[in-house]
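Below, each structure is written out as structure tokens.
Two complexes, one shared chain (chain A), two partners (chain B, chain C).
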Partner chain A sequence: MIEHKSWIPVALSTALEPGTSAGTLVGGGELVVWRDTRGAAHVWEDRCPHRGMRMSFGFVRGDHIACLYHGWQYDTAGQCQYIPAHPTLDVPKTIKVPTYTAAEKGGIIWAAPSSEAAEAAIPVEDGEVVPVRSIYIDRPFAAVLAALTNANIPAFTGDTAPRFETIADGIVIVSTGADRLLIACQPFNPTRTALHLVIQGSAETYGGAGQKHFARWAETFRLLLETASTPVAEVA
Partner chain B sequence: MEEASFTFLGRLEPESFLEFARHRARRLDIALTIGACSAAAIELSVAGDEVLVDAFEMACSLGPYDCIILDVVRTGH
Partner chain C sequence: MPAITLYNYDLDENSFRVRLMLAMLKLEHATIAIDMFPGQEQTRPAMLAINSQGTLPVLVDGDLTLAGTEAILSYLAKAYDPARTWLPEDAAGFGRVQGWLHFSATMLENAKQARLQALFDTPGDETALRAAARKAFRIMDDHMTARHFDGADWFVGDKPSLADLTLFPSFALSRDFGIDHDEFPALRLWIRKFRALPGFFTMPGIPDYH
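Presenting the complex of A and B:
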């Protein structure tokens, strides 16, 4: 199990349709993020206890997810409830996928990789949001954060210079012009960082052109970081 | 409830094999008693649901990466 003291953003809410699953990493640990057909999001270790197949390759059926390999079905608590090869077996409680507390707030799916994190509040506000995109940058978490808080992010509306407010480790609110952009950073693995971008505003104002504006900036930011310098490890 | 005894024969690293067996027994909710152990043979007694005892046998017949299981002798009670 991954241990982390605060909530970690793992996906944009709009990126995960009901009845689907996706794999991701936090600190190099493999996680599955899946949404049941009633709409609830779940974050688990991405590994079936049977043969180690990634659960993110599995099938969501109602409020169960089934492993692609042998069809073992798990309920929303991670408990195996059904083994197709042994349909009459009363599956023991010991066959269970390790789970993380998951929640959605501010347009993002969050995972709490420890009980300490789960007891804390998710450090973003509720309110109307417009998703932009998730972007994956081949640079370490600390390097991305350092660059982010000095970035030149042009406003979509208004023209004042950007101001940065770090509301938690890796969670930054950018106020630029009349816009407010939430950038939630996910420590993907030691060399890669994911950024989840959400505009805090109305779809009427930002839908379409506003989303493209900040998506383009994110791509430019990634290009800038990935081409600015070559890490020593890659040279070696 | 099925009770069975197994002797796993082969080229074994006893500590590694027993750690592997304990882990599988916990996962399959099987009671495990360890008998005589050597680099050539390890004796285990188990009790649990019949299909899970079969699954335990299958898992241990593969063993951890540093053990080679050449034969399994199973005795039911």
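Presenting the complex of A and C:
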């Protein structure tokens, strides 16, 4: 379903509390990102095998996610374990939601669209991070990336101009002043792109004011891109 | 019969706002069902005699008859919330809550209209209404993103207020008119907190996770 060869960022880790789920898109395909009550994140196709409703509308109970519509429950492997209308039924193994390999690193939840991608390491460093936000921009992936690597991102600390290092397709490390940002881009659908922003630094330095500083930049960046009548790379 | 009577339509989100407030303040009341769709009963003579504006909800409390969702919410908070949580006393808090009540009556009106159009085929430009609704949700999500950086869980102050109560239904019901929650992470965290408040209950269109 997804044409992408490496790990894809789908959410900030802090945006998904234990026992909750959220929908998202990758290349227009619907995914559910959910976290079981023990804290592990899962990324699946967002389709209930019963009647095809979105699993992201459902709810998490322990290490199961239940579909909102008729309550079918699935375990962390995507296997249906319980059908309320047939409580004694030994559910056939064929009733299974397609799953992706999911992982968390650098403050972001990632999904591997293929087994090839899952074998590679997620290209970000470990270390202390301060989440900023995810922002959804009504512009295609390529246009957002082109604008991003030319963007004027004012530093929170220090004052040297931003430098950009693309470490994988759509994964950019920005050094601005004394600050280091990870900006991971998610190809949402053909016309929309999500950016997940994380500060690589300490909460002591960036908590509150630093987060607001970069969140405001992201909102301005979105506005510039969406209102640009000239090619985006020139204005951003 | 209790002193408070609510003229209500179950699928009307403004009626739901008042039902929620009544439940959260634990106020006994009588409910009179009005056939808004398809009957448009609120615009017929019998209802116009009670509320000449022809709108729902309408609240009657003793000698007082009130129309206008924001007015009703503000009245109930002022009359029945001695702790002054829902409508803060301090000038800045009061002003901020009024600001979001205004937002709910203006920018969020697009979301309300988009929903009525999807459910009841009321007139309006579908694309424009949905785009405007999405813009309103972005404003809310940006606001709550910034609030979370300050360690705050609510739109105003450190407790739920009328701001949260009036904003909740339109976002919670957005799937009725084809806007998903995917792009609003800060609002997802916020509605989860709101759903956990004492007295909370749902209406059709807002999932109830039994």
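Operating definition for what follows: the second predicted complex is superposed on the first by the 227 of 236 C-alpha atoms of A that agree within 3 Å, B and C clash if a C-alpha of one lies under 4 Å from a C-alpha of the other, contacts with A are read in each partner's own complex, and residues count from 1 in each chain.
Quick note on the criterion: a residue touches a chain if its C-beta (ideal position, glycine included) is under 8 Å from a C-beta of that chain, and two chains touch if they have at least 3 such contacts.
Values in this document were obtained by computation on a predicted structure and should not be read as measured data.
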{"item": "First, second, both or neither for A:P49, with chain B first and chain C second", "value": "first"}
{"item": "Touched partner set for A:L89, first chain B, second chain C, both or neither", "value": "first"}
{"item": "Which of chain B and chain C A:R133 touches, first, second, both or neither", "value": "second"}
{"item": "Touching partner for A:Q211 - first (chain B), second (chain C), both, neither", "value": "second"}
{"item": "Chain B versus chain C as contact partner of A:T20, first or second or both or neither", "value": "second"}
{"item": "Chain A residues touched - chain C or chain B, whichever exceeds", "value": "C"}
{"item": "Chain C residues touching chain A - in the complex, by the definition given at the top", "value": "142, 145-146, 149-150, 175, 180-183, 185-186, 188-189, 192, 207, 209"}
{"item": "Partner chain B, residues of chain A touching it in the complex", "value": "49, 86, 89-90, 92-95"}
{"item": "Chain B residues within the chain A interface of the complex", "value": "26-29, 49, 51-52"}
{"item": "Contact set on chain A toward chain C in their complex", "value": "11-12, 15, 17, 20, 22-25, 56-57, 59, 68, 133-134, 136, 194, 207-208, 211-212, 215, 219"}
